[in-house]
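Here is the structure we will look at.
Going in written order, the chains are labelled A, B, C and D, and every chain counts its residues from 1.
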Amino acid sequence: MSSVFGERLKVALFGQSHSEAVGVCIDGLPSGIKINMEQLKQFLQRRAAKGDISRQRREPDIPEFLSGLNNDYTCGAPISVIIRNTDVKSADYNNLRDTPRPSHADYAAKCRFGDYTDQSGGGHFSGRITAALCIAGGICIQYLESLGIRIGAHIYSVADIKDRPFDPVGITAQQLNIITQNEFPVIDKNTKKQIMERIVAAKNDGDSLGGIIEFAVVGVSPGVGAPHFGGLENKISSAAFGVPAVKGIEFGNGFACTELTGSKNNDAFYVENGVIKTKTNNSGGIIGGMSNGMPLIGRVAVKPTPSISKQQDSVNLKTKENVKLNIKGRHDPCILHRAVPCIESAVAIALTDCILCDKN
Amino acid sequence: MSSVFGERLKVALFGQSHSEAVGVCIDGLPSGIKINMEQLKQFLQRRAAKGDISRQRREPDIPEFLSGLNNDYTCGAPISVIIRNTDVKSADYNNLRDTPRPSHADYAAKCRFGDYTDQSGGGHFSGRITAALCIAGGICIQYLESLGIRIGAHIYSVADIKDRPFDPVGITAQQLNIITQNEFPVIDKNTKKQIMERIVAAKNDGDSLGGIIEFAVVGVSPGVGAPHFGGLENKISSAAFGVPAVKGIEFGNGFACTELTGSKNNDAFYVENGVIKTKTNNSGGIIGGMSNGMPLIGRVAVKPTPSISKQQDSVNLKTKENVKLNIKGRHDPCILHRAVPCIESAVAIALTDCILCDKN
Amino acid sequence: MSSVFGERLKVALFGQSHSEAVGVCIDGLPSGIKINMEQLKQFLQRRAAKGDISRQRREPDIPEFLSGLNNDYTCGAPISVIIRNTDVKSADYNNLRDTPRPSHADYAAKCRFGDYTDQSGGGHFSGRITAALCIAGGICIQYLESLGIRIGAHIYSVADIKDRPFDPVGITAQQLNIITQNEFPVIDKNTKKQIMERIVAAKNDGDSLGGIIEFAVVGVSPGVGAPHFGGLENKISSAAFGVPAVKGIEFGNGFACTELTGSKNNDAFYVENGVIKTKTNNSGGIIGGMSNGMPLIGRVAVKPTPSISKQQDSVNLKTKENVKLNIKGRHDPCILHRAVPCIESAVAIALTDCILCDKN
Amino acid sequence: MSSVFGERLKVALFGQSHSEAVGVCIDGLPSGIKINMEQLKQFLQRRAAKGDISRQRREPDIPEFLSGLNNDYTCGAPISVIIRNTDVKSADYNNLRDTPRPSHADYAAKCRFGDYTDQSGGGHFSGRITAALCIAGGICIQYLESLGIRIGAHIYSVADIKDRPFDPVGITAQQLNIITQNEFPVIDKNTKKQIMERIVAAKNDGDSLGGIIEFAVVGVSPGVGAPHFGGLENKISSAAFGVPAVKGIEFGNGFACTELTGSKNNDAFYVENGVIKTKTNNSGGIIGGMSNGMPLIGRVAVKPTPSISKQQDSVNLKTKENVKLNIKGRHDPCILHRAVPCIESAVAIALTDCILCDKN
């Protein structure tokens, strides 16, 4: 088990879906960072369930700081924050004890931790733990903002419906600010309507949808990161796969670069007002694991929520028999909008660690 | 800088393109692993330059073990292995001192390390360092084989030419053995011919090509890995982005899962001869960061080699003027076949670390 | 800042003297460890203030488990436990804002974290944080007991009054059980009376005392640990210096070995009933960073409590003037008995990490 | 196994007594550090065997840089350096195969690594590996000097013969420079004669001696380090126990503080020319894991060399019989003078890591 992330920054997530609380301990942030509590709560609200297209677990998700602050400034001591779990319905999960849900962690967790594993609500593997991730992310975002760095993300696609992508060379902090104030973060408003309709249809069908989230960061100085294993791509990908349901990540034009020739894919340099820039940004702002000063851009693939109402094929782990499974309880037909702040958090945590590792 | 990978296994890469040697120090492998030197050399040969489609640096690439073995068995002490750099032509790089090559690490490295950075041949950012990665990978592969685990990879695509994919539920150790003995590892022989012609065309045009590598692992017990940040996807992605030119990674059906509904994407369980299996393997054998006993499958995107003969736009970092750049020296028009053992190595190293972290 | 310990086990302490809570997040313990809550509370009671010779902060110190358990067994998920701070009197520390207490962390912390540092009650540097350490230690002790390993410690000396030492070759689990049930853990009852009188005298004099704690571990298999930096001595010392006031550590006969010749200091081997033993145990059960099967023995030096009632010389950090300082508030004239479970905890945590790192 | 040290700095030692080479890979040092090769060689010479009182292994110990430099400046890439083993006499160790040497790592290593362990000359547990440690140390020392920090150490005692101690408040960089240029580093020349005679006597008796090494560091800014587990004491002790034969470490007045009252032991503050100082330095310059601006002072206990010519009691591990053991080969009757640069190295490496972790 390792729910601890980072080399200099150490972010330790804890909690299960139905434990007393979920939370995070953050070690290594500098002292003197002003924490805006209202901003943090608003950030967490973006992750919380809401509206027709989210499931029914409704908890206030108020972060409780146990340590690390002195009059709302980080004091250098480890920051610990928890959110109490209040809306816990373990009974919903009783029929799942010996019948693993397809494409959930149930079976693998049982192989890993034996019958001791906490299956209620998915235990430590629950999406609930992303509330803790977002606390850490929301704090890192405020730290990065104090350095002039701005992170944002949007729903790039749901199923085959695509939003307008970020402009990889022209995206601005202001645009990122706007998109992240959006409850359902898409750039093109028409896309939102299409996506919503599709999600409701999936819900009514007892099914679920996946999609792609695109993230961007502006304001990163060139030279942040490291080659080989300590670089931006290594750390961001490692953090992003900490968000359940993420199955792929790409930077810059990503997989699409494989169909271009080098002369088309290379990002030519030019000077503008004394600043080195590139004409295109197929590299996504990262070369050799390090930033090159252009916007940092990438995308993650989020699989369709594995919890669906439709009957599925599973097995009884005790009797080793094939069985039919009907999952009760709360399901999200699509988690893309809730996953957006999680991806922003993963990027913020990884980038913060990279910045804290720089000392040249 | 961190060219050290791993939590229990610690793989430290070192070397620059034109330094005395490249090499690796591997700490944490158990004692008693038999190292088959012939097999290791053959593995390294797959990464070495050869044939019409590879550049002209021709070095024997003989691994020299400095420590860690006792009569060809690991003795528990750190394993260190080097390869001498012999075919060094620094002069080729003189015109690059102040003119960064597009989509190379030159500029970012200069921002990170200042004028002290070693630019000759790309320095520590050179693909040459993957020889060290492959030594570590080749050793881990032999360790994993002793546990009954088999890794293989093939060229899934070059530009828009696609090979036949692995069968995600049916791939066998035997098939992986065959594909990895192949000098140009594709499954469909017709694909090879097409790809070769395309590469030669790109070379003649002074240009380069990218592509996708698909990897697979069979024989991993269910329950290997960890949730959140210490899982298989986190570690494999973190290691894979350590291979220069990798710009994306996906597991299972990856980005394609985003266009499926949950009911189509979920991997239904069934029992076969008392063994729990899934009918599909869209998860790529990984759920919640842990293996589920199915083949571990994924793909990485490799960008077209940034070194091309065509004239490109760049800047002079000192004068801050736009300039034209012509890169001399040795170029690979396509590195996909050479990157295949590198990706196998990244997967092997990450998986070894996950296995060494398991103690339940 | 790094209040995170461990390579495989990751113990993250958090909390300040006057923050909402102190606590710990423990990542990496196997699932299936039964946690005996009563035993844990009793262990924490040994650290809590009590009696004439301890200061007046009286808090119940009830550990609240937020995550990581499933019906009192570890479930494999990170364990988080907190203790609320209730008896907080920040006003006591107001006169210390710009006047650092001699031999306290006040001044160094201010240099490290600036004015943002939380000075109340010593902040994160307070001995209060050892409550969190003891939670982690108490849990590791129960894990080690499940493996047949027993840890104990006693007050070896206070000032120049010495207790009878452990028998380095003959100490048994039973003896360690007895000593650790003792409220004031000394082996020789006469020593206790002498020490108590001396502590009361120091208290009446507005002064404080230090001393030495001796720890022992029995039941460790030979071969646990690692050479150079990952060994038992490295990890135990690194953890022990995490206990405030520790200024030295030695293993086996420690500093005394420097006055022996090799022939006197070497631990000769012999066979007893088929078991390899050593006639003496000057090595303290550790050779080359690894256990040799003999009892693991060592001692730590604990400085006299720096908080004293006597007037002391200090400086005003703002005016840069020499000033006289009178410390109000609660002081322990001697913390040796309260430090004993802290040292047991440090040893238990370090040893657990070593054991979890073994996979051969 | 973990022969890797550090959090930001990563120092990976490798090599066995009779392997091809010993060496080190250093990751994380900033670029732009000028490496003075002559100074480094002289530093390594202090560790090398010489004179009547050292054993007969005579190797040039020339460090060979394989990577990490660019015209004698660190370039930011990992630094790897090796020393070839040339004077290898494995035959000397044949009679030790099944008969572990008392107070050597032989038996514990066999329990840890099985028959695969490399026993020749002590394998990875040999003092030979300290040559690699000293390379890393010598490089860190040059880095620290560039920051105005100076490290030195001397033989504080051999057996019961004591040198004059460092002045804990008054020690200067100049004094440390002088002591470290000394082939046999003692402060009082009369001590040297006494010690030499005692060592020769021990040698003639087929026996060996231990002693204490005192180290000091001046020029460290206040506030370097961290509380709990990432502090100066934690890291220095963890590194120092990486030097074979070290059995204890103390900071400031160390174990002696336990016999003082708080009012005597506390280091009173005063202002001198606007600088905050302490009148005494019983804390050894470290409080709460952080530097307070005073000289950093401590001592380590080095046990008498376990290799002696006198016949000893051991066991045959195969037959499980008690046997007599006569160790042939090369022995040092006392390693104190050779251990001095090793301790300086451990301190330098740990301090460098602490400094690289500071980013506030």
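Assume a contact is a pair of C-beta atoms (placed from the backbone, for glycine too) under 8 Å apart; a residue touches a chain by one contact, two chains touch by 3 or more.
Bear in mind the structure is a predicted one, so any value in this text is a computation, not a measurement.
Least step count on the touch graph, chain B to chain D: 1. At the far end from chain A, in terms of centres built from Cα atoms, lies D.
If you average the CA atoms of chain C and of chain D, the two centres end up 26 Å from each other. Taking each chain's centre as the mean of its C-alpha atoms, chain A lies 45 Å from chain D.
Inter-chain spacing, taken between the CA centroids of chain A and chain C, is 38 Å. Among the residues of chain C, those in touch with two or more other chains are 1-4, 7, 13, 31-32, 76-77, 109, 112-114, 124, 227, 357-358, 360. Note for the complex: chain C touches chain D at residues 1-5, 7, 13, 100, 102-105, 107-114, 124-125, 129, 157-160, 202, 205-212, 221-231, 233-235, 237-239, 241-242, 244, 246-255, 257-263, 265-271, 274, 276, 278-279, 282-284, 287-293, 301-308, 310, 312-315, 317, 320-322, 357-358, 360. Residue ranges on chain A touching chain D, taken from their complex, read 7-8, 30-32, 76-77, 227, 356-360. By the touch rule above, chain A contacts chain C in their complex via residues 1-4, 10, 12-16, 19-23, 25, 27-29, 31-32, 64-70, 73-80, 82, 109, 112-114, 116-118, 123-124.
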